[in-house]
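Look at the two complexes coming up: subunit A is in both, with subunit B in one and subunit C in the other.
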Partner chain A sequence: MASVRLVNISRRFPDGSLALSNVSLEVEDREVVTILGPSGCGKSTLLRIIAGLDHPTGGEVWINGRPAAGIPPRSRDVAMVFQSYALYPHMNCYQNLALNLVLKKVPREEIDRRVRETAEMLEIGDLLDKKPRELSGGQRQRIALGRALIRNPQVFLFDEPLSNLDALLRERVRHELKQLFARIQATVIYVTHDQVEATTLADRTVVLDRGVIQQAGTPETLYRMPANTFVASFIGSPAMNLIDARLEAGKLRIGERQIDTGLDASGIFRIGVRPEAIRIADGMPAKVALVENLGARFLIEARVDGVPLMVLADERPAADSLQLQIDPKDIHVFDKESGKNIRSALDSRRIHP
Partner chain B sequence: MNRAVRIFVFLICVWSLIPVVWCGLASLKSSEELARIPATLLPADFTLQHYIELFTRRPFAAYYINSLVVSSLSAFLCVAAAGLASYRLARSPKRFRSAVSSSLLVMAFFPPIVLLFPVYEIIRMFGLVNQPWGLILPYAALNLPFATWLLTGYMELIPYELEEAAAVDGLGPFAIFRRIVAPLAMPAMTSAFLLVFIFSWNEFMFALTFMNLESARTLTAGMATLSGAFSQEIPWGLLAAGVMASTIPLILAVFVFQRKIVAGLTAGGIKE
Partner chain C sequence: MRKARGIVRNLQQAGWYLPAGILLFLVFVYPVLRTLVLSFLHVNLESGFQPVFAGLSNFGRLVSDTRFYRSMQATLVFVSVSVLLEFVLGLALALALEQLKRSGRFFRTLLLIPWTLPTAIIAILWMWFFNDQYGAVNDLLLRLNVIEAPVAWLAQPRSAMAAIILADVWKAFPFVLIVLVAGIQAIPREMYEALEIDGGTYWHKFRYVTLPHLLPFIFVAVIFRIIQAFAVFDLVFVLTGGGPGGKTETISVYSYYTFLRYMDFGYGSALVLVLAGLLALIGWTLYTLLLRHYEPGR
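And then the complex of A and B:
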């Protein structure tokens, strides 16, 4: 296993568009890092640059302490799982798994042993004689995973490996991947647009938007201390409430109540409150506009003096009006222009004991 | 398909097959029966005499071997070159690709006869007259534009991600072509091979011009000399037998590979 270091990576496409801009990131040995972002944010490009399939127009890639520039993909000792799986259609599953070892001239008996071993770990032993087209989506996914695992590479790269699976299967495979990562103790860089995947699998998550890293940190940090409105709205489900409101000497006014945010700031700010941080208890009076049944919980669209707020509640509201309470420490305050969290400068532990 | 169309198709088939069947039947009649008036339809006294004569009194076996060597080598050479060229072309920017593709098609329709004498000069210069290579190289070259054009369309359909997966898996550029792209393009390469093979097998003008020695002739050129070898009469039986003998292997090959030829020619029409 190895570390990966990206230094000021930029990638400008021939048409002039900037896919990545000054991306710096350090992935420690045996760390699982997920790169999260909407489609077109540059996350796949970043992964391809690490694999050597694409080249940065600026910056450096270091793999295991050595610069990777000029080293072709085949010599980088990284394994990649593709979104489309990219299994070789003319080879059976055994050959798909074995190709890399065959090229490395590993003795036949050892190839056989490692293929069986990998197949056993992924429970695909009975598929080895089949061609990819005879397999279901989930089975193909496993073969693609096996093709990477069998190599025991320096770094594993995953490019949205679960996005072609149906919802139920995705959840199961995600769970299995989590166990697998713990077992193989590998350096993993995992690209996804699904925040649940990103936060459940990762030691650390990097949020990318329009080619720029918005924030990197543990899933807990991203959730509790989003650096800006983009991260705030991208992490967490249902999404954070973001409303424009006036602060007067740090006091936020919603309806008739004032909430002291503890900040020393005045002016118009973008205020963020997570739906799960709003409690139904004596406080601000609100009207119920809509109730969505999520199964375990209810998502209520409430209106406080016309301002819409999504509230996550354990029970369906009894009447069409209710009272809401917000703890000051759950209020995120962002700069209206830049979207930056103005509390980021402060120590997060002081605000969130 | 309604009934009228079916009958029409059937009639067209019969119409096209009549000369072939007539020729086939004629090859099995004795020379005496062939000259008989009124003509017979089915051979009255069935004989294989013309076929035997082809291989005993004429060097038909040598023609066969020449044709087989020339056709298969030129087809192999052409498809190997076209495979590499089309792979590169299919991975080029779209503008460049369509410009090259259309010029390839223009070249494919170029009448070979205008090249006959220049090519002859080149062949003579290299001392390849009466050598199999004197036909193999021109045939491969003449078919290269068409074969490249045909294969490019197919190569474009091979997902690029497979090549990327192979690159990460440890394959170099040529290994990617040999282990991934070429096997996947096999249906199209097979049909290109057969089309070039058929062209070379049937080609007459170059074969007649470049091969003067009896022993160097291919089937088509050899056939043309069959009638000239007899001064008094046209050897109808021998000619018919020669036509059948040189055509049947080709027809069999097409039957065997028909499915692949169609698959190769229509590839791209339907996405899998």
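And then the complex of A and C:
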């Protein structure tokens, strides 16, 4: 296994668009890092650059302490699982798994042993004689996974491997992947647009938007201390409430109401509060505009003097109106222009503790 | 009442099919049936063009007709060599064009031009190329000192056949090319990337990705070319007329002569039917092979 280091990676496409801008990232040995972002954020390009399928227009890739520039994909000792699985349609699953070893001229007996081993690990032994088109989506996904595993590479690269599965299957495979990562102790870089995948699988998650790293950290850090409004709205479901509101000497105004944040700040800010951080208890009176049943819980669209706030509640509200309570420590404060989270900066100069 | 309305609707629907149906009947069904009937009759100068029932004697005559065998041999040589060359050239250029990105599209269009021209015109063009006195081929070879005296290319069996094949390849390989280019473009890029990461070289990419993906396209292109090449007429008729000494006379040229020079409609029909049967057999064989290769559980 190995580490991957990206230093100021930039990628400008021939049409002039900038896919990646100064991306620096260090992936430790045996670390599972997920790269999360909306489509077109550059996450797949980043993965392809690590694999050697694409080349940065600036910056350096280091794999296991060695610069990767000029090293072709086949010599980088990385394995990649594609969103479309990219299985060879005319070969059966055995041949699909074995091809890499065949190309490397590994002896026949060893190929056979490793195919059987991999098949056993993924429980695909009964599929080996079948061709990809005879398999279901989930089975194809396993073969694609097996094709990467059999190589025992330095680094595993995953490009949205679960996107083509239906919701139920995705959850199951995600769970199995998590177990697999723990078992094989591999260095994994996993690209996804699904925040649940990104946070459940990862030791560390990197949020990418428009080719720029917005924040990198453990899933807990991203959830508790989002660096900016993009991360705040991308991580967490249902999404964080983001409203423009005025702070007057630390007092947050929502409609006609006030919450004393104790922060030394005045002016208009973008305020963020997670729906699950708002409690239904004596406090600000609000009207119920809409209730969505999520199964275990209820998502309530409440209005405080016309200001909409999404609230996650355990029970369906009994009446058309309710009272909401927000703990000042759960309030995120973002700069209105840059979108940066300035809560911690404000915390360091509080008026009163 | 409801039933009557249903009948009216059915009649209406039938009405929409009528124009196409009449056309198909006149240009397809009727000629086929007429040919079938004719093949069992003697209709020729001898019979004074009065139909006389012939039974299977037209087909019997085929069996001992050396000219039929010779024309069949010429046809097979023409079909196999020209379709093989068209396939090789089409595939090679399709792969080459794929390597060029922007300019590939330009060359593709340029290469397609011969395919769009009428065969008769192409035949006249090549006839002049190969003309012994004024032809460009002789002129070029004389200047290069490859030959010492002008050669009558179309008057010698081997060179005449080669000339016909050359003209056909020139006209028809763009068809193979364009079908294969379409096939290559339909291959997902990820397949190549997966192989690249797996350690595949350029040859491996062709062997494990391009060729397997292209097979159905190759089959389609080759079947079309075989069928068209079997029926080759205008090229041979204009370039050599089947000569010298009938050495380039293909089965379609022979049946043309039988119909319109010897006015033997019964025997001509038998010739045409045998050709059609042969084509159906080849098409069916190739199609079954293709299905066996591609359909699961077959």
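Remarks
Convention: the second predicted complex is superposed on the first by the 339 of 353 C-alpha atoms of A that agree within 3 Å, B and C clash if a C-alpha of one lies under 4 Å from a C-alpha of the other, contacts with A are read in each partner's own complex, and residues count from 1 in each chain.
By our rule, a contact is a pair of C-beta atoms (placed from the backbone, for glycine too) under 8 Å apart; a residue touches a chain by one contact, two chains touch by 3 or more.
Predicted model only: the values in this text are computed from it and were never measured.
In the three-chain model built by superposing on subunit A, subunit B clashes with subunit C.
Legend: residue contacts after superposition of the two complexes on their common chain; A:Val78 is shown touching both subunit B and subunit C. Contact with subunit C, but none with subunit B, is seen for A:Lys131 once the two complexes are overlaid on the shared chain. Of the two partner chains placed around the shared chain by superposition, subunit B and subunit C are both touched by A:Leu53. Once chain A of one complex is fitted onto chain A of the other, the partner contacts of A:Asn100 extend to both subunit B and subunit C. Contacts of A:Leu247 after superposition on the shared chain: neither subunit B nor subunit C is touched. When the shared chain is aligned, subunit B and subunit C each come close enough to touch A:Pro89. The residues of subunit A shared by its contacts with subunit B and with subunit C are 48, 51-53, 72-74, 76, 78-80, 82, 84, 86, 88-90, 99-100, 103-104, 147. Those residues of subunit A whose C-beta lies close enough to touch subunit C in the complex are 48, 51-53, 72-74, 76, 78-80, 82-84, 86, 88-91, 99-100, 103-104, 131, 133-134, 147, 151. Residues of subunit A touching subunit B in their complex: 48, 51-53, 72-74, 76, 78-80, 82, 84, 86-90, 99-100, 103-104, 147. Looking at the complex, you find that subunit C touches subunit A at residues 188, 190-191, 193-200, 204, 208-209, 212-213, 215, 296.
Listed in rising order, the residues of subunit B touching subunit A in the complex are 159, 161-162, 164-172, 175, 179-180, 183-184, 186.
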